[in-house]
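In what follows, subunit A forms one complex with subunit B and a second complex with subunit C.
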Partner chain A sequence: MDSSWQVRCLQDRIQSLNSEIARVRQKDHPYPEPNAIFRTLLAVLSDRQSRFDKAVKRYSSAGRERLLEETALTTATQLDEIAEAFGLADRVDSARIPFEILRAVSWVASSILEEACRVAVRLDGAYNYSIVSCRRRFTRLRWNKFWDEATRELGPEGRFTILVLGFPSAHANSILLHALAAHELGHLVRGRFTEELEEIRTKAVEAAKHRHSELLQEYILDNVRRREGVLGRDAYDESSRRMEARLGQLADDWLGEVFADLVAATLVGPAFLAAFDEIVLELGKPSLTHPPGTLRRGLVKEYLQQRLQKVADDAVWSGVLQREVASDPLFGPREVDGDPDRPLYSVGQTICREGLRELSAVAMRIPSPLETADLKKIVDQMEDHIEHLSPPSAGLDDSAPITPDEFWRLMYAGWHFRLNDERFAEFKTNNAWDDGNAEHVIGNLVMHALESMELRHQWQKYRENKE
Partner chain B sequence: MVLNRKSILARMGLKGDWKRRLVVEPFLSENRDHDSSDASIDFHLGNRFTFLRSRHAVQHDPLADPVHDVATTERFVPLGQDLSLEPGHVVLGTTLEWFRFPSDLIAYVIGRSIWGRRGLLLVTAQAVHPGSSGTITLEMSNLGDVAVRLRPGTLIGQLFFHRVEEVQEPEPPLRPRKSPFAGATRPILGEYRWSESEKLLLNL
Partner chain C sequence: MPITSARSSDDPYAGFAWTTSLAVMGLESLRQGLSVDIDTEETAAILETAQELELLSEASQLPAGAQAQATGPEVRRSFYTLVAIAQDRPTPAAPPELDRVGSELRQIHGKLVSQRAAEIELSSVERAQKLCLELLENLNTRRRKASL
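What follows is the complex of A and B.
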């Protein structure tokens, strides 16, 4: 390999990445959080460039090309990581983003994650929601010192993270759908219970392996790779190890999704499923990272009936909870033709079912904003406001402290109103709106309420401090 | 009749009586306490701004297809940051507060003189009709010689409330106003709606 050519390519790539990040950093971003990401990336890039240049000088002499090639490969991988992280802060400045709710989302995220959080929203071309904690990702990449330096200017909180929430671009303004942010936060809540969840995973995997031993045996045999010079027994062992690794990863991802679902159900109840149904259309289709939607719905339903029975019994949610998705020709189980991992999906389903009881027990330790004796009264009052085109937060009493729980109850009430057929029909008739307009206005009312309740909370704190 | 501060606050406290209830959200209680003006309530500048710019026409015809002549650029300015409005420029903004009017109240939007004296014109007697609901769009122009710095969250204007007499007896109807701007939170240009008389007169 021509090392000098490879070195030139890498140096060009560093320059190009550097100028692109510096250029985008200068754009007018409404909030300063993306700048912290750009500053981190520029600092990492500068550090890697300096190391690479030193290595080029040191290893360019004859006989040390191999070391130079290794350094080049490592640098290329690091540049990929920087480029990928750059994508986090891309499309975070569009005026279409509902910036109004970011302060409120940061507030509730800090509360549930027990860590100071700032939130940025990125419009994602893909039709899904996502979340990344910059601090966690950058720590994993060993960029901590650059991150700490870059975030020092942002505020007095000390150590904090920036959560980049990905919203599907086409639904940036569908506020009710953003109830799915509860699921995304659930992924990060997982970090609070790492050891317990690991134990649950191990037990569930063992139980499922025992139950599906024949199926897994077939899978191992089907995936034995015959290679010259490798004994049959060794090839079998290799296939067995590959199966273990793949199943372990699948169990980790699938149980992670189920746990995040349970957290979402804890926070917004069946409203999570209502939003879920609008986004996850291929409910019957599993993948290595996600269990089939039909299974997830079933597990959430079971959890809700156990934890929030009164909520689950509310007639408004019957359409969502009783929906027979499994027998629906559109949503029913899908054959995944030609997918070599198909047998693992059956095992994965058993793992999720095995793990549900213990996952539920962990999720139950997270307080639910819906577990309040006054829920019906609170929601009635919020709906009354929506019906009369008044933000549902306007009914909150100023004499009591406004808490992050209100955020989730407002989301819950917005969906509860939307799914109350009688009330929604009357709302449309009174205002001469079609479904789309009416939903849009409910979204605006909820968005304004989320923004207002956070401002009122800040106002309460300010007054208290002053007194 | 213009409502005094006490009557306005009383209207806001009519929980459950949607026919007469006025909603202002968020209503930061300072508004409840201070008595700088006895017959109005102040409102804050919101975060969303819309600028108009010409696409290719040198003159804008509001009656023509707005998409053809002008483009709008929307900006979100967070609390704690600001926006500069240059002399001679116009920008659409919103109130930070959402207002829900009962069907027997109307309000006039008046800029605060502290801004007016510096050249900022905040609409002229814009009326908010009975039954309206949403944030109020503010048409702001800088008539001065120097740029004006606009900061979301500042008290930029005030609302004077009047009672609409015709609908007070026997009692006001519970009827939202059917408007294309109802329930809006963003400052939008809106499309010109031709009235029947305009259709006749402009085509003669």
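What follows is the complex of A and C.
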């Protein structure tokens, strides 16, 4: 490729990305968080531009073309990553976003992650729910210097992040969907238990490999790539290494998902599974990054029976905890979908089952807002308020300290009311609403309650500081 | 990670590739006798690349058939990197070479931070740059394939 043409293309791309980020940054944003993200991206872009210009000069002599070529490709990768990160923040000011939820989510996230957090919300074009920690993502990309500079005014250096909460555009108004935040925060909380989780992973993978040794052997043989100039033994070794890497990554991801599920179950019980059902359409289909929904549901059920027996036995949740799919594709015939990694899913299932007991022990170290003797009374009271169209926070004791536990109990109560067939049917009949309207009203009441509790918490903190 | 498997995460090798490219640039400045042009980030990248090479060496020596259960996320990540970059091109070097260049990069870094750049041997700069460039080519080839 003509290098001068390649250089010009890359410089044009940098200019164009810079203009687009600067244009969106100039819009009037209601909150400062997106600006911090844009400032970081513009600073990274400016740095990459000056370094690329330096490379063009430095590699201009004869015989240095390879160096320039590879630097150009690496810079292009950086531009792709900047564009991806920009995609996290360029739709954060949609009028359809329920901004009222931001402060409440920041409050609970800071509490569970033990890190100062602010939240920005974006509508995701994909049908998905995610939370991305900008600090962690930008650190992985080696952009931490620019991040620290851009956020100096917003929070303490080093332990401050902006969480970008993404949820499906179609569900912009569904407040109850935010029970899924418990699962996403579960991913971020993993860093607090790295050593224990590593040990669990090692043992679980060892046990699963031992149990499925024949299957794995077949997988290796099936994937040997015979090529000219490569000896049979070397091709086998190559295939074996590829299997080890794929299985290792699958174990990292699947155990990460299961642990996040257990954290979510700790915080909101089966409510996150109810929210999960709104999003995930293919309950039974595993992938290299996610275990099948049926397996996750079963593991959560076992955990809840062990830790929160009364919650697990509550008839309201039985549908959520026992939902099955027509057939479990884990054990279906291989040729059906042509997925060559199918054997690894069976091993992954064993890894998750092997790890469950010890993962549960780690999750149990996180206090559960549902582990309170009067949970039933609290939930009943909240449901009474919902039934009478009053925010469910109205009945909380004003003199008691307001903690993030109330956030999760509200989410729990909101879903509990929604899934209580008898009560929900009566609610609809009394107000002449259909399912959609009634759910929307429950969401609104929960949102007002969350806002009210966060304000009460701020007020209590202010008074404590004053005293 | 998002609740379903749609892509919204970053390329796991993008940061490593960028650091390696900065290290290559710093080494080029040394090769051309322009050590004054090396900034703090290029100096830091030389050290970080040394650490990554040592991790790659450690990962390539994990016992065969037991790599998936290796303890230590960093070594495991390096093992995944080795497998990913060896898909379409031969791995840049064997463990002794990775260790040797890693150690040379550490020495280069040490001399740069203690303002003794004149003592750095050109042969070790060229050797290190050659290996880093090959590594970068492997990382970029993987990226090009992935984006097709």
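The rule is short, and it goes like this: the second predicted complex is superposed on the first by the 445 of 467 C-alpha atoms of A that agree within 3 Å, B and C clash if a C-alpha of one lies under 4 Å from a C-alpha of the other, contacts with A are read in each partner's own complex, and residues count from 1 in each chain.
Throughout what follows, contacts are C-beta pairs under 8 Å (C-beta built on N, C-alpha and C of every residue); 3 or more make two chains touch, one makes a residue touch a chain.
Please read these numbers as outputs of a predicted model, since none were measured by experiment.
When both complexes are superposed on subunit A, subunit B and subunit C sit side by side without a clash.
In the superposed three-chain model, the partner touching more residues of subunit A is C, compared with the other of subunit B and subunit C. Contacts of A:393 after superposition: subunit B is touched, whereas subunit C is not reached. Annotation: apex subunit A, arms to subunit B and subunit C, angle 140° (C-alpha centres, rounded to a multiple of 10). Of the two partner chains, subunit C is the only one that A:127 touches; subunit B does not reach it. By the touch criterion defined above, A:431 lies against subunit B but remains apart from subunit C after alignment on the C-alpha atoms of chain A. Looking at the shared chain after the overlay, A:209 reaches subunit C, while subunit B stays out of its contact range.
Applying the stated contact rule after C-alpha superposition, one finds that A:257 touches subunit C and leaves subunit B untouched. In the superposed model, A:241 lies in contact with subunit C only, and not with subunit B. Shortest separation of subunit B and subunit C in the overlay equals 26 Å (C-alpha atoms, whole Å). Once the two complexes are overlaid on chain A, none of the subunit A residues touched by subunit B in the first is touched by subunit C in the second. Those residues of subunit B whose C-beta lies close enough to touch subunit A in the complex are 15, 18, 21, 23, 25-26, 28-29, 47, 73-78, 81, 96, 98, 100, 133-135, 175-176, 178, 182-185. Contacts from subunit C toward subunit A in the complex involve residues 1-6, 8-12, 14-15, 17-22, 24-25, 28-29, 32, 41, 64-73, 76, 79-80, 82-84, 86, 133, 136-137, 139-140, 143-144, 147.
The touching residues of subunit A, when paired with subunit C in their complex, are 51, 54-55, 58-59, 64, 66-67, 70-71, 73-75, 77-78, 80-81, 84-85, 88, 124, 126-130, 132, 137, 140-142, 145, 166, 180, 183-184, 187, 194, 198-199, 201-202, 205-206, 209, 237-238, 240-245, 247-249, 251-253, 256-257, 260, 276, 279-280, 287-290.
By the touch criterion given at the top, residues 30-31, 95, 97, 99-100, 384-385, 388-391, 393-395, 398, 430-432, 440-441, 444-445, 447-449, 452-453, 455-456, 459, 463 of subunit A touch subunit B in their complex.
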